[in-house]
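Okay, got some structures for you below.
One chain, chain A, appears in both complexes that follow, with chain B as partner in the first and chain C in the second.
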Partner chain A sequence: MGLLQVATNTVTSAVASVTLTGIDSDDVYMVAINNAFASADDDYEIRITKGGIVQSDANYDRASKDLKTDAVFGNTAGTNLTEIDFSAGIGTSGTNSHNEIIYLFNFANASEYSFITMENVTMRDDANDILFGFQGGAVHTVASASDGIHFFLTGGNNISSGTFTLYKVV
Partner chain B sequence: MSKEYGYIGKEVTQSFNDNKGIFSITDVYDLDQDNKWTNRAIGQLELIETKTVSDDSSVSFTNLGSDYKTHLFLINNLHLDDNKDQNLRVEVGGSEQSGSTDYSRSFRSGFSNGSGFYDDKDADLDRLRLNAEHGGFDPETSNAYLYMYNALQTSKTFFSQFWVYQDKNNETAFRYGTGSYNNQDVLSGVKFYPSTGFLRSGTISIYGQRSF
Partner chain C sequence: MSNLRLLNETTISSSVSSASVTDVFSSDFDIYKISISDSDSSANSNVNLRFINSSGSIVTSSEYDTAGLIALSYASFSENRTTNQTHIDNIGGGGRSTEAENGANVLYIFNPFSSSSYTFLLSQASVQASSGLASTKAIGVLTELSSIAGFTIFLDSGTIDKMKFRTYGLRVDT
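Moving on, here comes the complex of A and B:
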């Protein structure tokens, strides 16, 4: 397996969102997020882009397992959502970073839905440094070509730092 | 800037993703060796090392490369002694880290023959217990990928993994989830080892993942 970097954004001062575009083939794509922090405890959200435009329609379905050290693991699921929640209690300190691998399938295929698998790991700033991770999948149920992925925080806080990189898997 | 690599032109640059000038074949080779030559097709996931297991009590990777934000371990066709667990510890400055609260984990396991599904979690461990009760008799084998985040930064190191294997009862099983090394250290190495006994055969590879 090889990786061909398509786009990257290293956040060093606060921004409201990060968008990575450049998906233009039927290959599988992958996103790596490293050492990401928020300006206040918050949750990362995903939307996809089509023609560079962020899609905020109510066509996101998702299901994931919530893995944590302090309680029975939970399930998070929903249909016809306007965004994909894929984290909880992202840290603001220098220690509890958010890290993630996301695979993107069928994004460029105009006849198929856009599929996402995600696995992330962090420690919750809002819950006594509890090790926490989501592992699951999501679909944008619109059969048209997608060209990118968009990250933002559900509570309106800023992404304060982190590296977000989109690769083509070759 | 010096024209170390024989660049021709006024405004020369000689860093990855920014090569300007005229190069000889030797220049290209030397730049590539110094990781200063742009090669988008192969440059972002780099094999650091593959270790072949042969009746080893442990397997250590002490070369983690440089500049990588994420590492990927591929564990292929690994055979342990029967009913043993697979553990991991990190090394800092060459010293194995084994404090009682150094590691945390939260894994989900599932089995094919009715043993069901369960959560496996610990907030405080002296090792990262990646998997448990491996099968030790052919064709029982264990296979996995393991991502490691921020190992080369002064920060906590995080892991996510996915195993598919056959356990001590010859049940096909999976285990996925997250782990952490909880101290803010730059790692110098990673050690894989079984609870007791030996790692009998298989390969473990480490890759570094770059972004520019």
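Moving on, here comes the complex of A and C:
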């Protein structure tokens, strides 16, 4: 497997969102997120882009298992959502970073839905700093070409730091 | 040129109690991908991981946490949750005394070389257990602020007789 970098954004000062675009072929794409933090404790969300426009329609489905050390693993799922929640309790600094590998399928194919698999790991920023991560998938159920992925925070806080990189799998 | 750079290939071909890959993490990369394949073991056992710091010492402090989902083809799924242990517990994959039953792992390691962040791990693996398939998805962390340069694999019991590691760095071009 090889990876060709398509886009990257290293956040060093607070921004409301990060968008990575440039998906233009039927190849599988991968996103790596490294050492990401928020300006206040919050959850990351995903939307996709079509023609560079962020899609906020209620056409997202998701299902995932949440792995954690403090309780029985849970299931997180929903249909016809306006966004994909893919984290829980991103921290603001220090040791509570968010790290993730995402695969994107069929994004450029106008006849297919846009599919996502994701796996992530963090120390959830709460009183006990619990090891936490989602393992799951999501889909945007609109059969038209997508060209990118958009990250933001549920509570409207800023992404304060982190490196977000989009690769083409070759 | 691929942004996935092969940094090291290590092959174990004789019986050892643990198998290490040293001096492979550096400031050149923040994310690493490791594949573990071509395995064989002397006993049926869980596969565990410890990190090796930049001084070459295996980190054995009780600062490893693990959360793993073991999906079984022959029984209910099980969960593995450990905190403050001396290793990442049961990353899945090899650890079978019948060579053909040993599966494979793909690991991602985040920020190992940085001494200002924890070292995080993602693991996906499959192995053929006595009654059927066991597929593991696990996360782990070393909650110690130290610079990590390598890793070592060992079993709960028995020896590693064969194992191949390929370690890649994910390059980010700025």
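Here is the rule we go by: the second predicted complex is superposed on the first by the 169 of 170 C-alpha atoms of A that agree within 3 Å, B and C clash if a C-alpha of one lies under 4 Å from a C-alpha of the other, contacts with A are read in each partner's own complex, and residues count from 1 in each chain.
Going forward, contacts are C-beta pairs under 8 Å (C-beta built on N, C-alpha and C of every residue); 3 or more make two chains touch, one makes a residue touch a chain.
What you see is a predicted model; the values in this text were computed from it and never measured.
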{"item": "Superposed partners chain B and chain C on chain A - clash or fit", "value": "clash"}
{"item": "Touching partner for A:T69 - first (chain B), second (chain C), both, neither", "value": "both"}
{"item": "Which of chain B and chain C A:I101 touches, first, second, both or neither", "value": "both"}
{"item": "Partner chain(s) touched by A:L4 [first = chain B, second = chain C, both, neither]", "value": "both"}
{"item": "Contacts of A:A14 with chain B and chain C, given as first, second, both or neither", "value": "neither"}
{"item": "Touching partner for A:Q135 - first (chain B), second (chain C), both, neither", "value": "both"}
{"item": "Set of chain A residues, in rising order, touched by both chain B and chain C", "value": "1-5, 8, 10, 32, 34-35, 65, 67-70, 72-73, 94-95, 97, 99, 101, 119-123, 131-133, 135, 163, 165, 167, 170"}
{"item": "Chain A contact footprint on chain B (complex, rising order)", "value": "40-45, 69-70, 104-108, 119, 121-123, 147, 149-150, 153, 155-156, 158-160, 162, 176-180, 184, 209-212"}
{"item": "Contact set on chain A toward chain C in their complex", "value": "1-5, 8, 10, 32, 34-35, 65, 67-70, 72-73, 94-95, 97, 99, 101, 119-123, 129, 131-133, 135, 163, 165, 167, 170"}
{"item": "Footprint of chain A on chain C - complex, ascending", "value": "2-4, 30-31, 65-69, 79, 81-83, 108, 110-111, 114, 117-118, 120-122, 124, 137-141, 143, 145, 170-174"}
{"item": "For the chain A and chain B complex, residues of the former touching the latter", "value": "1-5, 8, 10, 32, 34-35, 65, 67-70, 72-73, 94-97, 99, 101, 119-123, 130-133, 135, 163, 165, 167, 170"}
